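Since the structure comes first, as structure tokens, the remarks are kept for the end.
Order of writing sets the labels: A, B and C. Residues in every chain begin at 1.
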Amino acid sequence: MTTETQTKDLLSGGTQTTTRRRAAIASYVLLAVFAVVYIVPSLLVINTSLKTLPEFFKDPIGLASSLNFDNFANAWNLANFPRYLLNTAFYTAVATGIFVLSSIFVAFPIARGYFKGSNVLLTLYVIALFLPPALIPQFQLILNLGLFNTRPGYILLFLVNPIGMIILVNYMKSIPRSLDEAAAVDGAGYFRFVWKIILPLIRPAIATVTVLHAIGIWNEIVMPTIYLTSADKYPITRGLIVFEGVYGSDWPGLAAAVLMLIIPMAALFMFMQRYIISGLTAGSVKG
Amino acid sequence: MQVMKKGYLFGTGRRAALPLLLLVPGVFFYLLIAFGPSLATAFYAFTDATGIKGLPINWVGFENFREFLLRGAASRDNLAALQRTLVFAFFVTTIQFSLGLLLAVVLNQKLRGRFFFRTLFFMPVFLGVVIQGLMWKLMLLPRGGPVSEVFSLFGAQSEFLGGPPTQAFIWVIIVQVWANVGITMVIFLAGMQTIPSDLYEAARIDGARGWQLFRNVTWPLLTPAINTNFLLNVIGSLQAWQLFLVLTGYKPGTQVLGYLIFAEGFGQAGGASSFRQGFAAAASIVLFILVLILGMVANYIVARREKKYMA
Amino acid sequence: MNRIRWIVLIAVLALVAAACGDSTDDTTAAPATTAAPTTTAGDGGADTTAAPDTTEPMAGLTGTLRVLLHQNPPLVEYMEDFNKRFMEANPDLNVEMEVLAAGDLATAIQTRLTAGEIDVIDFCPDPCAAFSNPIQPYMSDADTPVWQQLIEAGLVMDLTDEPFVANYDSVAVADASTYNDRVYALPMGRVSYSGMFVNNDLLAEVGVPLPTTWGELVSACEAIKAANYSCMTVGGADGWPVFVGSYGLLGAFYPDQAGLVEGLWNGTIKWNDENTLELWRRYQTYVTDMLEPGVTGLAHDAGPARYAAGDVAFMPTGVWQGPAVEDAAPAFDWTYVPFPGSDDAADNQYLFGKYDMSWMVANETANKDAALAYLAALSDPAEYNTFANAVGYLPTQPTATLDTKLGQAVAPLLENYRVGFEQYWVAPKGAGQWSNGSQGAQFFAPFNTWEDPVALANQAQADLEAGLGS
């Protein structure tokens, strides 16, 4: 077992309480400085969202003189943010789910070298790590498939992630081959074996890949500009950029919109952060 | 047909086809969305393709590459964008890596509120690049904005994002690190928690303290996390340009290669410029070669470290 | 255990999202941009009733008409109202309007037209100037402009024989919407971008006359600043509004703007010749001394609100900001005059500008009748008059007149209206980033780092020649 308690005096380098206390104080000072840099932008958004436009122009950072909730009502009326949030969640969940499931069955035989050409395939994935996004042919592809401005078309764009594949392969390599042999002796089928035995063992890697991939989709802003034309299909990123373009200099209105998005997102994040953070890490530091 | 190798254990004949069947979707997506289009990019790079349906596509040989790398003073601007891409990647990687490590070391102590801080530093990742950008545009208002006010306390003044490109560029680097250092930190933290505590005890008995403990125990045993972070940061920062779109827009003097490719290919390069997807494809081949070379170097460093510490 | 819950959560989320997504897909999902309440309080309603009833029902118009529009608050407001009336007149027709920031418009037009996902297009991609920047015979190697690419690809409908084209000024149609003798668009208006808004009351208070020459402008600014007011503001965060102001300077030096472009291409005019060096010095004075601090963070559309605050004397910008200025209701007397860039007042009487947005129809539209009916309704003279006044365009229909305050200020200047440099200029391939001297103002501090006008002029010429010789 490894815990934080034993490494706590990593920096303090001694057991004398004074040194340890000094280290703790230094740590807190550092954390406080960073915390300011992370908290102030949010406070600023809250403060700005409560101002009227003239008030903002007069003094961008002064405290809002009164609670003015009109900005929220306006932003709510002008853009369909709940739908954008739902769209983003939908794209992220579906694309990540399909990607992870399909990748497991690619990664396993590659990791085991079970078929001819598995090394070639792995090399192809490694090369793909470095490929710039092939925006232009992808656009032609989606058009010709008739998937422009459709949800399936948009999701299709996010079904590949070479880094994820490589993490999975590496992790699977660390699982002893004797398991395969034992299962084969017991007469287990391939699918059953991967699903029932391998899957639980590589859960940390799956969690990592899931989170990395989901973050990528969640943050995407270029693809929706190119591929989605109807406002009812916009993810948050696109919806917010359009909103910014349309209500550009109305900072209080913009801040209200941002705040309305931050609140549900922060709640979602609080709920999931344990899984996200443990997921992000577990698979990427082994194997 | 015998495609499975000898070592395959789960049946023979028709039953052996199952893994291949299950392999198909993943590989199909890969070929369809990533590999195929990438090959096609290499083809487009030699044409005058526009991306507009109905216009002929003509073979132009190396003209796009000549224009990008050699032609007139525009090539100077293109090469500056290329150099800027490298500078951006260098600073983002080094700063994000070091800060992430520092924060991880600090937060790996048993401090009160450490979970709060971890969550806080990771939060921007979750908010996404558009909200990050809006927050910082607001923070960086040139007159009366919070950062500007802090500057003026020290008698300094900056135009931030709307001023000289170099200043704007520095601010994009700062926001990029601010937004993503959380991922780096969390990966380091996880790595640290896999280090067995008796190793520290043993080192301490040998008389190691503070920095020595870090140098001799943490650093070598952190190798997998270090490697993951290093690769993620190098490759990620070479291809990252979305914050430029949100913070500065497309301007000569701040654009990096990824942005240039998008802008040239999709009519956002300004002026009455037309859609130049062939030219953009050539630029993306240049970016690919750049990333490949640097990725190889990064990979080499990683492999050497692994040999040194993991043997 | 934790990870299993994670995966379950994702799966559940996916199902919920899928369920919500599908159930509302075809029924309630109104595009965000049209979801805005269009009848708020008095003025919205007044608009509706005051507007002429030109949208008579057309028999059998059904389906959904997809319209692309660029962002400009008065324009969007007008179009939302128009769409509402058009749909009331054609109850079986649905108009779905997508509003995008001007910067995204080119991408949207390219992708929507290629995908056949659009019917009516507001052709206003940067620089939003109709069929501008055509390649001239003396230009040896330059990029084809977007509109020409689209027409040659067969994506734009030929409107030559549509009756409503005749409602527009034939000169405007020929200049702004015609290619190879066929008409492919409707020129919806002109704007001027070389003038400035003036705060008359502030000038009176400080005691300086309305400047008509560069020298007078310089001394006016000094007096204004000495009285603790700002001389000029401009929404500079987006970049281009800054050189919009400097077009006045360029126009004062080179009233023949098409000639300037030709001269630069064939070498008879140079950015760094003796006469032009003074232009660069004035650019520098304009951005460094005259503009107030902080304009690098002021967005273009925030300019009118800033100007309306009353403590700034001038705002160089285009007439299209007139409605926004009026909306901001400045509590002072204002007017709009050409930017006095020359020492000779006679050279300062020109207004330079461009044709602005124009309507196009996708050639492959499945709603041809509806699209043409839409344009016909927009082109009706009474409707057009409402439009031009709402948006602040200088009209391109001969019967329309601007009855706004801005329109009255500009009316006497219109006989000296000229299309500006920006609409003729095509950079030779290989030219560097400093080669477009009309944007020179923006190369100086605080927007960029240049401080020596002569060095910058030399660089501009070198960047241009690098392209011409490549």
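The rule we apply is simple: contacts are C-beta pairs under 8 Å (C-beta built on N, C-alpha and C of every residue); 3 or more make two chains touch, one makes a residue touch a chain.
Remember, it's a predicted structure, so these values are computed and weren't measured experimentally.
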| item | value |
| --- | --- |
| Pairwise touch network: line, ring, star, complete, or other | complete |
| Pair with more cross-chain C-beta pairs in contact, given A-B and B-C | A-B |
| Between subunit B and subunit C, centroid-to-centroid distance (C-alpha), Å | 36 |
| Distance from the mean Cα position of subunit B to that of subunit A, given in whole angstrom | 14 |
| Residues of subunit C whose C-beta touches two or more other chains | 103-104, 107, 111, 114 |
| In subunit B, residues with contacts to at least two other chains | 51, 53, 141, 144-145, 266 |
| Residue numbers of subunit A (touch at least two other chains) | 139, 143, 225-226, 241, 244, 278, 282 |
| List of subunit B residues in touch with subunit A within their complex | 3-5, 7-11, 15, 18-20, 22-23, 25-27, 29-30, 32-38, 40-41, 44, 49, 51, 53, 102-103, 105-111, 113, 117-131, 134-136, 138-139, 141, 144-146, 149, 178, 183, 186-187, 189-197, 200-201, 209-214, 218, 224-225, 228, 232, 235, 239, 242, 245-246, 258, 261-262, 265-266, 277, 280-281, 284, 287-288, 291-292, 295 |
| In the complex with subunit A, residue positions of subunit C that touch it | 2-7, 9-11, 13-14, 17-18, 20-21, 24-25, 29-33, 35-37, 71, 76, 96, 98-104, 107-108, 111-112, 114-115, 117-118, 235, 298-302, 305-306, 309 |
| In the complex with subunit C, residue positions of subunit B that touch it | 50-55, 67, 71-77, 140-145, 159-166, 249, 251-253, 266-268, 270-276 |
| Touching residues on subunit A, where the partner in the complex is subunit C | 53-54, 57, 77-80, 83, 86-87, 89-90, 93-94, 96-97, 139, 143, 148-149, 151, 203-204, 206-207, 210, 225-227, 229-232, 234, 239, 241-242, 244-246, 248-249, 272, 274-275, 278-279, 282 |
| Subunit C residues within the subunit B interface of the complex | 103-104, 106-107, 109-111, 113-114, 125-127, 129, 132-133, 143-146, 149-150, 152-155, 236-239, 293-294, 296-297, 426-436, 445-449, 462-463, 466-467, 469-470 |
